[in-house]
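Chain IDs A, B, C, D and E follow the sequence of writing; residue 1 opens each chain.
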Amino acid sequence: MNLLSDPVGVSHYLVVGALLFTTGVVCMVVKRNALGVLMGIELVLNGANVNFVAFGSPVLRGEQASLLGLDGQAMALFVILLAAAEAAVALAITLNFYNNHATVDVDRADDLKG
Amino acid sequence: MAEYLIQTVGLPEWLTWSLMAVLSAVLILNLMAGGALVFIWAERKVSARIQDRLGPTRTGGSFGWLQSLADGIKLLAKEDLMPEGADGMLFRVAPYVSFCASFAAFIGLPFAFDMVGLRLNVGVFYVVAVLGLEVFGVILAGYASASKWSLFGAMREAAQVVSYEVPLGMCIVVPVMLAGTMDLVTIGEKQAGWFTNWYLFHDPFTFVVFWVYVTCAVASVNRAPFDLAEAESELVAGFHTEYSGLRWSFFFMAEYSSMFLVSGLAAVLFLGGWNGPVPLATLAGLSEGTGETTGALVRLLGLANLLGKATLGVLIMMWIRWTLPRLRIDQVMTTCLKYCTPIAAAMFAGAMVWLWVFPGGVLNLDDGSRRPGEIREGWLEGPGGRAPAAATAPASIPAEEAVAEVAG
Amino acid sequence: MMQALVATHTLLAAGSPGINWHGFFFLLFALLACGLALAVVLADNVVRMAFYLVLSLGATAGLFFLAGAEFVGAMQLMIYVGGTLVLLIFGVMLTAQEPFVAIRTSTRDKVLAGVVGGALLAVLLQAALTGPAWSGHTAVDASAGVSQPTATPLGMALVGVRVDGDVASGQPSPVDGQVRSGYLLPFEIVSVHLLVVLVGAAYLARTKRRKSSASVRDEALTGVVR
Amino acid sequence: MSQVIDDDPRIIEFDVRTDEMLVNMGPQHPSTHGVLRLVLRTDGEVVSEIEPHIGYLHRCAEKIGENISARQFIPYTDRMDYLAAMNMNLGWSLAVEKLMRHQVTEKARHLRVLISELSRIASHLVGMGAYGLDLGTFSPFLYAFREREKILDLFEEACGARLTYSYITVGGLTADLPPGWLARCEDFLNQFEPVIREYHTLLTTNAIFVKRTASIGVLSPELAINYGCSGPVLRGSGVDQDMRRDGESIYTAMYDGYAFEVAVMKDGHYPRDHVYPAVPHDAVLGDCWHRFFVRMLEVVQSMDLVRQAIDRYSACKGPLGEPVKVAEKIPVGDVYLETECPKGQMGFYLVGNGTAIPWRVRARSSSFSNLSVLAELCHGCLIADVPAIVGSLDIVMGEIDR
Amino acid sequence: MRGPAFLESLEAAVPGGVVGTNLEAIDPWVEVAPQAIAEVSRWLHDAPETAFDSLQCITAVDWFEPDPKKAAKAGWEPHVELVYHLWSTRARVSLVLKTKLPRWKDGQPGQCPEIPSVVGVWRTADWHEREVFDLSGVQFVGHPDLRRILCPEDWEGYPLRKDYEMPLEYHGIRGR
């Protein structure tokens, strides 16, 4: 199949989702700044969301989408909500970490090392 | 018009559609820019009259009509300064972020029946969400300016706008609940008829909620007495302390257009939108669907109605600004969290109960709206009212296969 | 003239021959989303990272609108972008000082991450491109699809009633004859979860004020007079 | 958790460690009333410490005074409190007259009362308008200036100047009033009286104004006295002191026979000579609201005094009397005299050595002492309160820096 | 309590504090020994019958005649005189304290003469003493933060001294 010549379909969305997901993972790995890691997580969740929406989209899948009904979109909604919640908790942890260590560098969080 | 171009002039279809898109974008943009010019002039005149002055009197005749234009030219000619130590990219991009956010929000706002950039079935939600992005540019500007005053302004704006979105959302939910849809066109259309059909007068709760909305709207667009982000007597000029020239004017335009936007939103949600207090067109037996020319005229009347209401809202904001002192940041937050949010929540519950007790409403003296079937067929239910073809078609893929797909 | 405004909403979905607008906007938003995501990884400054992230998420919201999920798109704009906004603020507050603006990563880590990321991407793309059923476009009437309402069914589903086939009423979906359950339980769980998170986050990052400003003021006054 | 060990009770400690920031407010800032520079140490929006830096407008007025004769010094007093130049002229003239044991004519005495009280109204109008500006409302400022312009018009007719008058001078006044002036002054007062109600509506009783000023910057009477505060700042704290009544005899003699009640809260209420708005519930004696309110009362009080002065002045027959010669010798000795200026007690100290030129000139400025209390008032307040407190002190930098 | 009785109680409270008086002057004054100024101030502030709770002004007068011819006729030795104007808000009376200091400490020009600070008695003395230090060059011992207040921190000389000469240049700005 050829992505460039085909009309936009689920595959296209999956590719975008995969790219977002991968960048998110790389971001989580690469960043030493706790906030950067957090942003990586956001990207990962966002990539997953793209997939959910694509699978549940009636535009992209036509009648096939009705197999999933609203599940795709509802799942995406829940992911968004949980991502927001996760961001809040992660930020609180970062803040606490910053209070204790005066830095947001995650490599310095080695208190549990023997 | 698109059809006219395609059929009569014989333009290729893609060009026509592109032209149409550009045209509507230009219309909205001009509405914003032109509106900002008019409102800046009006602000000067209104403030002058309030303060026992004359205001601009020379540029462009005795009323200073062209004053804002002259100001604009001056701003264009002004040097765009950037402080040393500023984050150059973010500093440059911040005004445009603000401006784009308020521009994009206009896409969802209907100006008259059926006259909307993009009719979304989540229209009101979209408008509020995009409007909330305006704060983003402000925060970027505050951070990127490398000035402490800017940073203070940005932090205040962030705290304020994020907080005020909660009661603002709750206020907006009330008309959405009454209309049963988030589609702004439908919400406006449901208030057709005499002014008693307006959601403002629907029940006592909506009446209160309207004033909470006004408070929150003023706060969320940073107008006095909630203009803490720029608070010139405390923070010099707040987030735009370091801005000058054209970039500054973009912030300015964004401020005025979001003022206009929240006023327009208030008009659609509470004040009947494009429906005048007296249903003139209906009384004359006309409606948007009556015919090409008459329909256009009726729409123009609706447009005038909505613009008038929105302008009135903007003028009231100016009146407030030139009358009241500024609140302190903790008082602004108290107003939001201790007063606006609980009141909005209580009024929401009240309106819900009212709707349950009087499902038909009590003040609907006369339903002077258009007779169904003229044009509203399929419109009142929102853009998805017409059942999509795909939904009616029988399923072609067996369920097992679909599950397998997802799992795979 | 003014119908031009009206015309735009059909424009996106028009799918007129000549230019495939759907494809064009998809390409635009997809490139924006991916490019800005990449920029998040490459940027050093935490505020810029957050800026790119917000734009990336906004572009994704555009993709959602294109896929007909308007409610999710608006939700994405409001919650995700708004939430990240708060993230940005914290980023500014915590790390606006010089030493924290850019914490650099060693090249070794970068290379390693690149390899792992490349491998992951390869696997994911493989999965994305090989699913036969996903690639086929069913050439739906896009204009109808885009404006299909999603907010009401979603809202109904969240409170437990499925308009597309409801388990409570035992009514099968008119489309595929299936009976589906609503999301009342997940919805409630998420609500409680949010509450817990709210309390937890407030506890973790609490601001304790030792002395109220009023008492300090009084003390200062008496101290001077004494 | 960060545990900053602090002995200083003024430090407000948070568990979230936020960094303190030093912020320069001024010398170019909209609400520091001139070239005042305040260095704020802030933790977020909370100000933990504030340090005023002054001297940007220092012109060595005292040194200049040691090189010119006493009457030549009058224009320099104009430039101290340039918003109430008449009162400055009066203070210096009285101090020199005290040393010279010079007695002005009865007519000059009443004219001085008339002019200086009118000047007090003008000064308080600026203070009031600028205070509104500090709190973010622009319109009262212009309403105040509109009325002040009318007073300046009157002054211009009397002495030819609108800001630096040099009208009251050693030994009298430079000129008598032009014909018809008194009638125009009456007209102004009659027109001005109802306008005060507008000010009360826009500011004094405005809910937001009260919220911004009540219980903010509370100055206890002990602290006010200890810091040498004077004028409305002192009276706003409930200290019953007004040099027009309590000062030295050469000054109080000027007000002999005038009926006025000092604008201060006694036994829980302000003078009831006119109808004033009620004190809001959350206002505490000594806060910004009371300082502002005292000024508003003094405007009315000064109007009464002007009316009385008009009557007495027009009853006086005979000449105004000539001021002393420019090169008049000053006797040996030193005197100090404080007069009640709009901003507070302005003191002039003068040492004469028998020549026309004073050996030493000293100007004790009321704003100088009033400003020095700022650091005490701003502990733990918010940034937005700083302009509110500075504005309530109603300072003029020309007078502080001299 | 006026005049002699007041002086007696002051003398009793701070022995050796009062050096001289002039009750006939327009503003009667009491001359105080420089080292006793803080004690005298404390007593004046605290004693209930006097209660000079307010310090209005501190002035330094430089008694110095640069012209040697005039100096011979002056009739006084060069010195710096500090004048404290006190005010009692309760009794509504004023009091003038004077104290004489040498122009320079140990006779070395540039060395400011020293006197105890009265900041502990009246907080307003903080800025007033700073101003006197700034313009007239008197060192107040015990002042918490004795810096220049009106002149820039790096200004040289004490402008209100009679022998003060404006610097030729200040940071590239011509002075004379």
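To be clear about the criterion, a contact is a pair of C-beta atoms (placed from the backbone, for glycine too) under 8 Å apart; a residue touches a chain by one contact, two chains touch by 3 or more.
This one's a predicted model, so the numbers in the text were calculated from it and none came from an experiment.
A simple rule picks the central chain: find each chain's mean C-alpha point, then take the one closest to the mean of all protein C-alpha atoms, which gives B.
When C-beta pairs in contact are tallied for every pair of chains, the largest tally goes to A-C. The mean-CA centres of chain A and chain D are about 64 angstrom from one another, to the nearest whole unit.
Spacing of chain A relative to chain E, judged by their CA centroids, is 74 angstrom.
Chain E has its Cα centroid 26 Å from the Cα centroid of chain D. Among all residues of chain B, those that touch two or more other chains are 155, 388, 390-391, 394-395, 397, 399.
Residue numbers of chain D whose C-beta contacts span two or more other chains: 15-16, 223, 226. Residue positions of chain C with contacts to 2 or more other chains are 71, 75, 86, 93, 127, 131, 133-134, 138, 140, 145, 148, 150, 175-176, 178, 205, 224.
Those residues of chain E whose C-beta lies close enough to touch chain D in the complex are 25-27, 53-57, 59, 61-62, 83, 85, 87, 89, 92, 94, 96, 122-124, 126-128, 131, 135, 148-152, 159-160. Taken in their complex, chain C has these residues touching chain B: 1-9, 11-12, 14, 16-19, 21, 45, 47-48, 51, 54, 58, 70-71, 73-75, 77-78, 81-82, 85-86, 88-89, 92-93, 96, 127, 131, 133-134, 138, 140-141, 144-145, 147-152, 174-178.
Those residues of chain A that touch chain C in the shared complex are 1, 3, 6-27, 29-33, 35-36, 38-40, 42-43, 46, 49-50, 53-54, 56-64, 66-67, 69-74, 76-78, 80-89, 91-96, 98, 103-105.
Contact residues of chain B toward chain D in the complex are 47, 50-53, 148-149, 152, 155-156, 224-225, 227-228, 231-236, 322-331. Residues 21, 23, 29-31, 44-45, 132-139, 142-143, 146, 202-203, 206, 208-209, 211-212, 382-387 of chain D touch chain B in their complex.
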